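If you scroll down you'll find the structure; I have some questions about it.
Naming follows writing order (A, B, C, D, E and F), and every chain is counted from residue 1.
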Amino acid sequence: MSEKKKIMFTVRKPPHGTIYVYEGLEVKLIMAAYDADISVVFMDDGVLALKAGQNTKELGIKGFEATYGALVDYEISQVYADRQSMEERGMTEDDLLVIGEDEDTEEPIRPQVIDSSEIAAMMAEQHNILPF
Amino acid sequence: MSEKKKIMFTVRKPPHGTIYVYEGLEVKLIMAAYDADISVVFMDDGVLALKAGQNTKELGIKGFEATYGALVDYEISQVYADRQSMEERGMTEDDLLVIGEDEDTEEPIRPQVIDSSEIAAMMAEQHNILPF
Amino acid sequence: MDWNGRGRTGVQGMKLAVVVYEGPYNHEASDSAYNFVQAALAKGHEIRGIFFYHDGVYNVTKLMEPPQDDRHIANRWSEIGAKGVDIVVCIAAAKRRGIKDEVLVSNVRISGLGQLTMMAIEADRVVTFGD
Amino acid sequence: MDWNGRGRTGVQGMKLAVVVYEGPYNHEASDSAYNFVQAALAKGHEIRGIFFYHDGVYNVTKLMEPPQDDRHIANRWSEIGAKGVDIVVCIAAAKRRGIKDEVLVSNVRISGLGQLTMMAIEADRVVTFGD
Amino acid sequence: MLHTVNKSPFMNQSLESCLRFTQSGDAILLIEDGVYGAAAGTGKSALVEEALKNHQVYVLSADLKARALTNLIEGVKVTDYAGFVDLVEQNLVHAWL
Amino acid sequence: MLHTVNKSPFMNQSLESCLRFTQSGDAILLIEDGVYGAAAGTGKSALVEEALKNHQVYVLSADLKARALTNLIEGVKVTDYAGFVDLVEQNLVHAWL
């Protein structure tokens, strides 16, 4: 069994009101160092964690937008957002934060917006799914 | 200021999935020993805590139906349930557990089912409201 | 967007009580409560007391060691206590969860639900933060 | 109502991992996880590991003292650990919340998120309990 | 796949969300406060009634009894923790926390 | 009265429930994840738009900024923690936790 195991993370909670998104990000960064085929899917209120421009200074808690900006550097490039969740929350692709940049073109890379049926199909292919 | 302060408790969470209903009940019993005019209002998923016949044995956690049965003995008799919350959850007055019995007639006493407008009016009259 | 007009004459001498239901870091409740208390003190209000219930009891363990660049929630509450604010941890909720005198930060005390009752009766306003 | 047909041939030798995100008593997650683990062991499955994350780290403090007539959640987990099941508490989540070696029940260890990673990769199934 | 749902459908959208991401043939297990979704005659019964057209829907007996739920939607299967383990044996799991 | 709401309206019914129990003239303060209810152009904007007919609706600036919300429903008032304290001075409070 030399094939890499497929592990998916699902992010369904909004940021900041609870620590789940933040501590969940720590898991993703650690797991990226292991030999697994990782994907991250933001759905429901999880897509709100992807909004660019979050500033937690006045709140007095640590933010994580900079860390998301390094996901591609951590070789986490399969990052998806559910289209319907975004639409219901008034979000467009332009609202999404940057998760890295293309090595060659230096173009910013953003999470890929996909439909729920695609997400369902991806879920079914996983070895395990961790909800964060 | 010899007048008793009016304190209301609101119960909006379902039972057992979290401890809020259970630990909230402990507060009510303690507060009943103090000189205050106490009322308890069950609304939203809180009405589910009033369903008769709850049996937590297989779950392995402590139940509280017996304690609710003693509310009137603790002189907590202003106990209300929101009609619309009950209807949405398929509950009728017959589903409600007993919170005590009438001293004279020995008739069982159940929480009183009232409308949201009455609850709103009662809320506005309180000295303080504690959500549990 | 409008900005809420401030600088209005405050109702001085109002007694406020604050209740916290959730633990540190996991929920924003503790941060919201802290920011609220700081603002109330800055406006000259008396804090009749702060009561930790449910998982809120975890807020004041001195064993917590957050990362260097993060806030230290227990120490923050202890500093509020040092200003003379009565900070009470519910004994029943604390025992169940393993919070005892030996792990408490200073300027905080463990006591019974009667303290919450007194706060609800004596304070002009109770503000609750939770999940 | 139908009853789920049981007594089917189980898939023997399957490796299961269990992850718990919430603290004891406050949420049912810990009870659900415990009941699930007991049932899995009874059916002869291997538990590859149990991982406590987020507020789940509070499950294994020996300082907890629930009422006499209630379950002792930390001791229950310790008994599962005594059966040889690897029970891991996340060090980062634990430090932030004040859970350290000195307050742990026995048969439980503090380690890093790499342990969760290994469980997710090596276990045939991961089951997560939380809020 | 097996989807576990542990939230009351009256206050939380988790069950609706879960159903939006399931594929035909997936199993759904209602646990903890999620078991209220299996009750007949409520404002949310339609969710599970609809789900039953394409899914097996299970509900955990210990959680049902704790909540005094007896009148279940027809077709919902009651199971215990051993049955929960069976379902996990047979399926990749996602918890809709 | 002052009602505080701290849950996202997309996954939780707290804001809807709060609005069902308010009296005309009551103030509503959105905090924590509740601030998403103040965003314009979402599937839940209608709740606060309707509420503004009978209520003052406030939203906490620290929580707005943390969530990068800039496009608010017209008529919603942004306040800070000092303004939160002002609202508490003036009103009995109920938290819709």
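Operating definition for what follows: a residue touches a chain if its C-beta (ideal position, glycine included) is under 8 Å from a C-beta of that chain, and two chains touch if they have at least 3 such contacts.
Predicted, not measured: the structure shown is a model, and the values here were computed from it.
Counting only chains that touch, the fewest steps needed to get from subunit D to subunit F is 2.
Between the interfaces B-F and A-C, more contacting C-beta pairs are found at B-F. Two copies of one chain, subunit C and subunit D, touch each other, and the residues they use overlap strongly: the shared fraction of interface numbers exceeds half.
Averaged C-alpha coordinates give centres for subunit A and subunit D that are 26 Å from one another.
Note: centroid distance subunit D to subunit E, computed from Cα atoms, is 22 Å.
Averaging Cα coordinates per chain places subunit B and subunit D 34 Å apart.
Residue positions 12, 16-19, 44, 59-61, 127-129, 131 of subunit A are each in touch with at least two other chains.
Residue positions of subunit C touching 2 or more other chains, listed in rising order: 21, 25-26, 28, 35, 54, 70, 125-126, 128, 130-131. For subunit F, residues touching at least two other chains, in rising order: 6, 10-11, 13, 17, 32-33, 62, 80, 92-93, 95, 97.
Touching pairs of chains, sorted by label, consist of A-C, A-D, A-E, A-F, B-C, B-D, B-E, B-F, C-D, C-F, D-E, E-F. The part of subunit E that touches subunit A in the complex is made up of residues 1, 13, 17, 20-23, 92-97.
On subunit D, the positions that touch subunit B within their shared complex are 25-28, 31, 34-35, 67, 69-71, 131. Taken together, the subunit C residues at the contact with subunit D in this complex read 23-26, 54-55, 58, 61-67, 70, 74, 95-100, 103. Residues 5, 7, 19-20, 23, 26-27, 30-31, 33-36, 127-131 of subunit A are the ones touching subunit D in the complex.
Per the touch definition, subunit F reaches subunit A in the complex via residues 6-8, 10-11, 32-33, 36, 39-45, 61-63, 65-71, 80.
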